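Lettered A, B, C and D in written order, each chain numbered from 1.
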Amino acid sequence: MVQPEVSSAAPVRSRGLMSVPKRFLPVIATFVVFVATFGVGSVRYEGFASGQVMANLFIDNAFLIVLAVGMTFVILTGGIDLSVGSVVALSTMIAAAALQAGWPVWLVVLAVLASGSGLGLAMGWVIHRFGVQPFIVTLAGMFLARGLCFVISVESVSIKDSTFRALATGSIELPGGVTITYGVVIALAAVLAAVYVLHLTRFGRTVYAVGGSESSARLMGLATTRVKIGVYVISGFCSSLGGLLFSLYMLSGYSLHAVGMELDAIAAVVVGGSLLSGGVGFVIGSVVGVLVLGTIQTLISFEGTLSSWWTKIVIGALLLAFIALQRVIVRRT
Amino acid sequence: GSGGSGDAGSPSGNAKGDDKITMGFAQVGAESGWRTANTKSIQEEAAAAGIELKFSDAQQKQENQIKAIRSYIQQKVDVIAFSPVVETGWDAVLLEAKRANIPVILTDRAVDSDDTSLYKTFLGSDFVEEGKKAGEWLKANAAGAKNVVELQGTTGAAPAIDRKKGFEDAIAGTDLKVVATQTGDFTRSGGKQVMEAFLKSVPQIDVVYAHNDDMGLGAIEAIKAAGKVPGKDIKIITVDAVKDGMTALAAGEINFIVECNPLLGKQLMELAKKVVAGEEVPPRVVTEEGTFTVDQAKTELPNRKY
Amino acid sequence: MKNRLLWPVLALVALLVLNVVVTPSFFSLRLQDGHLYGSLIDILRNGAPTLLIALGMTLVIATRGIDLSVGAVAAIAGAVTCTYIASGGDAWTGMGLALVLCGVLGLWNGFLVSVLGIQPIIATLVLMTAGRGIAMLITEGQIVTVDSPTFREVGAGFVVLPIAILISLAVLGLVALVTRRTALGLLIESVGVNPSASRLAGVRARTIIWTVYVFAALCAAVAGLMISSNVSAADANNAGLWIEMDAILAVVIGGTSLAGGRYSLTGTLLGALIIQTLTTTVYTIGIAPEITLVFKAVVVIAVCLMQAPVRIRVRGVRGKQGVPA
Amino acid sequence: MTEPVVDMRGISVEFPGVKALQEVDFRLFPGEVHALMGENGAGKSTLIKALTGVHPLAAGQVSYAGESVSFTAPAEAQAAGISTVYQEVNLCGNLTVAENILLGREPRKFGRIDGKRMRARAAELLARIGLHIDPGSVLESHPIAVQQLVAIARAVAVDARVLVLDEPTSSLDADEVAELFRIIRVLRDEGVAVLFVTHFLEQVYEISDRITVLRNGQLVAEHSTAALSRIDLVSAMLGREMGLLEEIERRSGTPGQAFLVAEGVGRKGSVAPFDLEVRSGEVVGLAGLLGSGRTEVARLLFGADKADSGRILVDGKPLKLTGPRAAIEAGVAFSSEDRKAEGIVADLSVRDNLILAMQAARGWARPVPRKLADELVAKYIELLDIRPADPDRAVGNLSGGNQQKVLLARWLVTEPKLLILDEPTRGIDVGAKAQIQKVVADLAAEGMAVLFISAELEEVVRVSDRVVVMRDRHKVAELDGDVGVDDVMALIAGGGDHGLDKDVEKAVVS
């Protein structure tokens, strides 16, 4: 029999072992796994460990980062936004069509951002006002946005505007000969803004509160209505901003752009440690999530000889490896 | 069938003295049997020509194709080839390739760029022409038929747009009229579902024009279920000429198929060697493709590989 | 619950009426080669796979989960069967093989969710991506066409009514019977509403979650057989593409909350029928492909607004009836 | 007296199928502590929610500070100066303690939230109610009692004219209650009107100036506390005489075999290894202060948390506790103190909730026959006086006390050999509490072993044959039979130092 006295003072204190709060663990775990994978890639493939490959990860995923940022807000409140991919396509379409029609660039940018945010507002309002599940409303929004693309033009429209072209092809030289695009800068700015809003404003804290318990948040007298609608506006805004970045990336508007990108965005957010049930997660996690997905893509293209089906299988397997490792790390600590 | 236009290149490397040419090929995806045949042809012919092939599947996403091309630039391949998902939006990445001095060959579909120096040549079919061929045949063999229903490919997809356009142009000014048109997403079940609905809502259907064989095969099922005889009661025209389509054609269930040849591999490898060697190549190389009637199908069918 | 089903029913009726107005012969049925033939039959037959998958999805969603992999699983089922038949095998064995393999895939999903505790959406995303690759691996990227009368029956056959819908309705009846006559329904709902309370009450949450994922995969497998049987070919790429979205939408239209808990099988049936009717409507009334999606969006919004528990709070009465001091 | 600050007239509130309030009048004056009394389901919480704009009124009028108002959301009531602690802890478990206290009124610098000042301010507010926990810790990680205190800290953080407290003390023990009352008195003296709901009569008489009694959604009486004797209060609440309280002086004195024996069971970071024996036919009480480790002991015995030392014997045979199911199969049942998170299955009906554990034990293939279920439900609705007596109503729509009764019934129907009850009488009214105590005593007399945990020391001492005392996550004593409350109290408090602050601090601040 164990003597109660033996371990008398011991049991209470052991909770202090982790200096990082538990809620950061998933993000850190994701990051660790990301770095590890990158390391594996560097060992395996020649030319993988270059700064430019890392920079390309950002260049090629700038729009997805912005989408994931918006999606993080929505998911933090326990909602979901399936419309983001279509809104990206719609944004590229509006931008291309408007530029073709000779609108000035500033007006085009404004129009795109306004239409995305407006659609977000409408969806948020329906979700809140009529108590309809976000899934249906944003799915309808997804149909609508994609449908509007076709209404504008079935064919793809090239962007010939010189400002857009300059922005798209221009690059910023970083020390070490690494170049990034303006899109990356905009995406990172969006991330910073999101972190600020989520952690340093009342709106942001209310987002977390609503996700934790909407009824409690309401009883606590918080502005739940504003937040519940607001997150969809933010997501709509981010989608259209992402759409602008995408039109820079593609220099075209096309109604079949970004098909299924909503799933990428959701996956990035969830891989980054956010819970779909709401209230738990960080924007930074979502960014790392995007990088993870991007790394998987990069690994695939560096592997270079996978057949089409093995490509899919390997993507699935790598995704699994990521989340399984992440779970292991979170559980161990 | 495919045929090489140039002479077979020697399999022993290129002029620059590299022991082996490396080609980066960014495929759209593997969304259809046609595409798979296309991929297979390229892989096989690359091996036969002694070209090292780096292959990537973009899962139908243009951004993935762009990423793949970027990574080829990084990996300093000798030549890049790809089938553009869509014709717009390639300027930036092609410019990068140009700056890196890597020649680019387009297959399957052109890109819409003012700067034609961005790529060396374009090897592929002409979708508008395919639609036209279908229309022309119908005009010549209409025999009193009037009402055409059209099974479109995926809305917004280039082949769908062009095959529709070519067909419309060809039948313009005749008695022939497209009375209903709807997308069947290039799939058999799509074609079947749409055709089922047409058979009930369109009073008189004389001709089905399907943008690919698969939708046509789906339509055949629907027509049979409605108690009609495909190929007789309702004429069927399709594009592609994959094996299943040719079988149906030989059986008289399809009346006419316009070929869209996926076996570009050999021509592509020849072009690649020339391009790498710095030789002049024509800016546009059209793949050899024909059309098949029922009788032609019967003779051609045994040779069909895909 | 009963009341909430009124609105989906009305939505369905409204869609049907729209069809009749545009195509007066829409309701007409005739006997063709010993089976019924008409638009309504098409709706039932083409809606059968969605309904079946939505049934599995309903139970998964009731446990607070979601299964994105059903489309890929359906593709695998078709691929396995057709490849087996094409290589000279017997149709029944082929279908049996497909069911077994898909059952294993369901076990896999259930393992990731209930044992490893990975969030369902991401756990099933793995199979959604890889599964299609597996299906293509099996068919080598080709469309495998088969000519097997037995196999044809599953998706395209008739016993007066399409066999596909008979299968789906039979599964619906079975699920209704099993979940309502045994305690499975109660346990599934309790796990969905409050997992930790259920665990403390001794509910085998893990086993239940595991079971629903296997069931969903089996439903998807049968649906996949229907899809490929309908055209006598396995198209690893396109079979069941995005059907998970349709299935989830059917469940949600039917009034089951994605947050888990109470579910309605009748609602799911209605939801699946609404979705298929919508698709058929688009074809029948000749909506141009370019505006199809806009049309769908409008209908989906209309359906969900109709059934929404409108939050109009009646506040006017206050004050008028104030009790005199 | 002056004008009332809150004057509610002819208030009616209806839910589908229930008239929760019918023409109730209620007045609250500045500078008074007003106790709102009534049985479970009488409509107390509903009246509060009608005041703060959570529920729309079917009829009636509210005036606040002399003006007619109609709040449409709790935020409006809060902005107008009505600060409320609702009955169930309504905070966000995913956020930190500091955030929960200051959400919506965070200190800001240049428009952005000043985290440092926020934590400092939260620590200050916590200290004010005698709670020393890390404001940066996540709320979820604290037991329900601590959460209740945090909710109180949030409510008293603002300068309100009206402070509403709906059963704030249901999980608290004497020390915290004393601390809370000290604060209430200070506020009252500053002119704040305090509305207070509790089922503890002593607390009513200790703190309140006036009492309003509701019964079945109707106003029964409004009195000054001094003018209403306990007997009268209770009969006003129940609508009948009350005689039960004295009857449960039951001490069978014939406990049987040891049913469960814990040897050196403990878990790092939660409770030190302890020995415990529970015999069939006896009630063992667990006493201790907030955070002393009682809940942890219960969870270890049930397998809800895994022990990392020691072993458990059931009926003399070692039991491998892999989880709750293993415990249930061995005849152990456990009713958690956190009824919202770990107890009720809110969307399911009373019937389903009641048979859930029984059903889980039978397995899915053998459903509880409808007839048996109906019999059981009818029996327990009657025995525990669950209201409304409608088996098909969703449990989430029941009043707090009635939810608790359903939970208790859930375990009683499984007829376990050992029943572990963690705060089974939390939020239960006087009448029903006596009823529950009697049920427990009867079950023990029939041979069941019971482990009884309650924050109310009197109750523990009254129902238990033996009292085990916990302090600072250690078992410190085991007292037999006829101990008095004072004896236990002395042990709980330990070497004389003020137990609460230190213990909680040690437990929570990491």
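Just so it is clear, contacts are C-beta pairs under 8 Å (C-beta built on N, C-alpha and C of every residue); 3 or more make two chains touch, one makes a residue touch a chain.
Since we're looking at a predicted model, the values are computed, not measured.
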item: Smallest count of steps, each to a touching chain, taking chain B to chain D; value: 2
item: Farthest chain relative to chain D (centres taken as mean CA coordinates); value: B
item: Averaged-CA centre spacing for the pair chain D and chain C, given as whole angstrom; value: 44
item: Chain A-chain D separation of Cα centroids, rounded to whole Å; value: 42
item: Between chain A and chain C, centroid-to-centroid distance (C-alpha), Å; value: 29
item: Intercentroid distance (Cα basis), chain B paired with chain A, Å; value: 35
item: Residues of chain A engaged with two or more neighbouring chains; value: 150, 154, 307-309, 311-312
item: Numbers and ranges of chain C residues touching at least 2 other chains; value: 136, 141, 289-290, 292
item: For chain D, residues that touch 2 or more chains besides their own; value: none
item: Those chain pairs that satisfy the touch definition; value: A-B, A-C, A-D, B-C, C-D
item: Residue numbers on chain A that touch chain D, as the complex places them; value: 1-4, 6-8, 10-16, 21-23, 196, 199-202, 205-206, 208-209, 211-213, 215-223, 279-280
item: Touching residues on chain A, where the partner in the complex is chain C; value: 78, 126, 129-133, 135-137, 139-144, 146-148, 150-151, 154, 263, 266-267, 270-271, 275-277, 307-317, 319-320, 323-324, 327
item: Chain C residues touching chain D - in the complex, by the definition given at the top; value: 181-184, 186-187, 189-190, 193-194, 196-204, 208, 261-262, 313-315, 317-319, 321-323, 325
item: Residue numbers on chain A that touch chain B, as the complex places them; value: 47, 50, 52-53, 56, 60, 149-150, 154-160, 165, 168-169, 246, 249-257, 259, 297-298, 300-302, 304-309, 311-312
item: Chain A contact footprint on chain B (complex, rising order); value: 24, 27, 29-30, 36, 39, 53-57, 59-64, 66-68, 70-71, 74-75, 86-89, 91-92, 95, 112-114, 154-157, 161
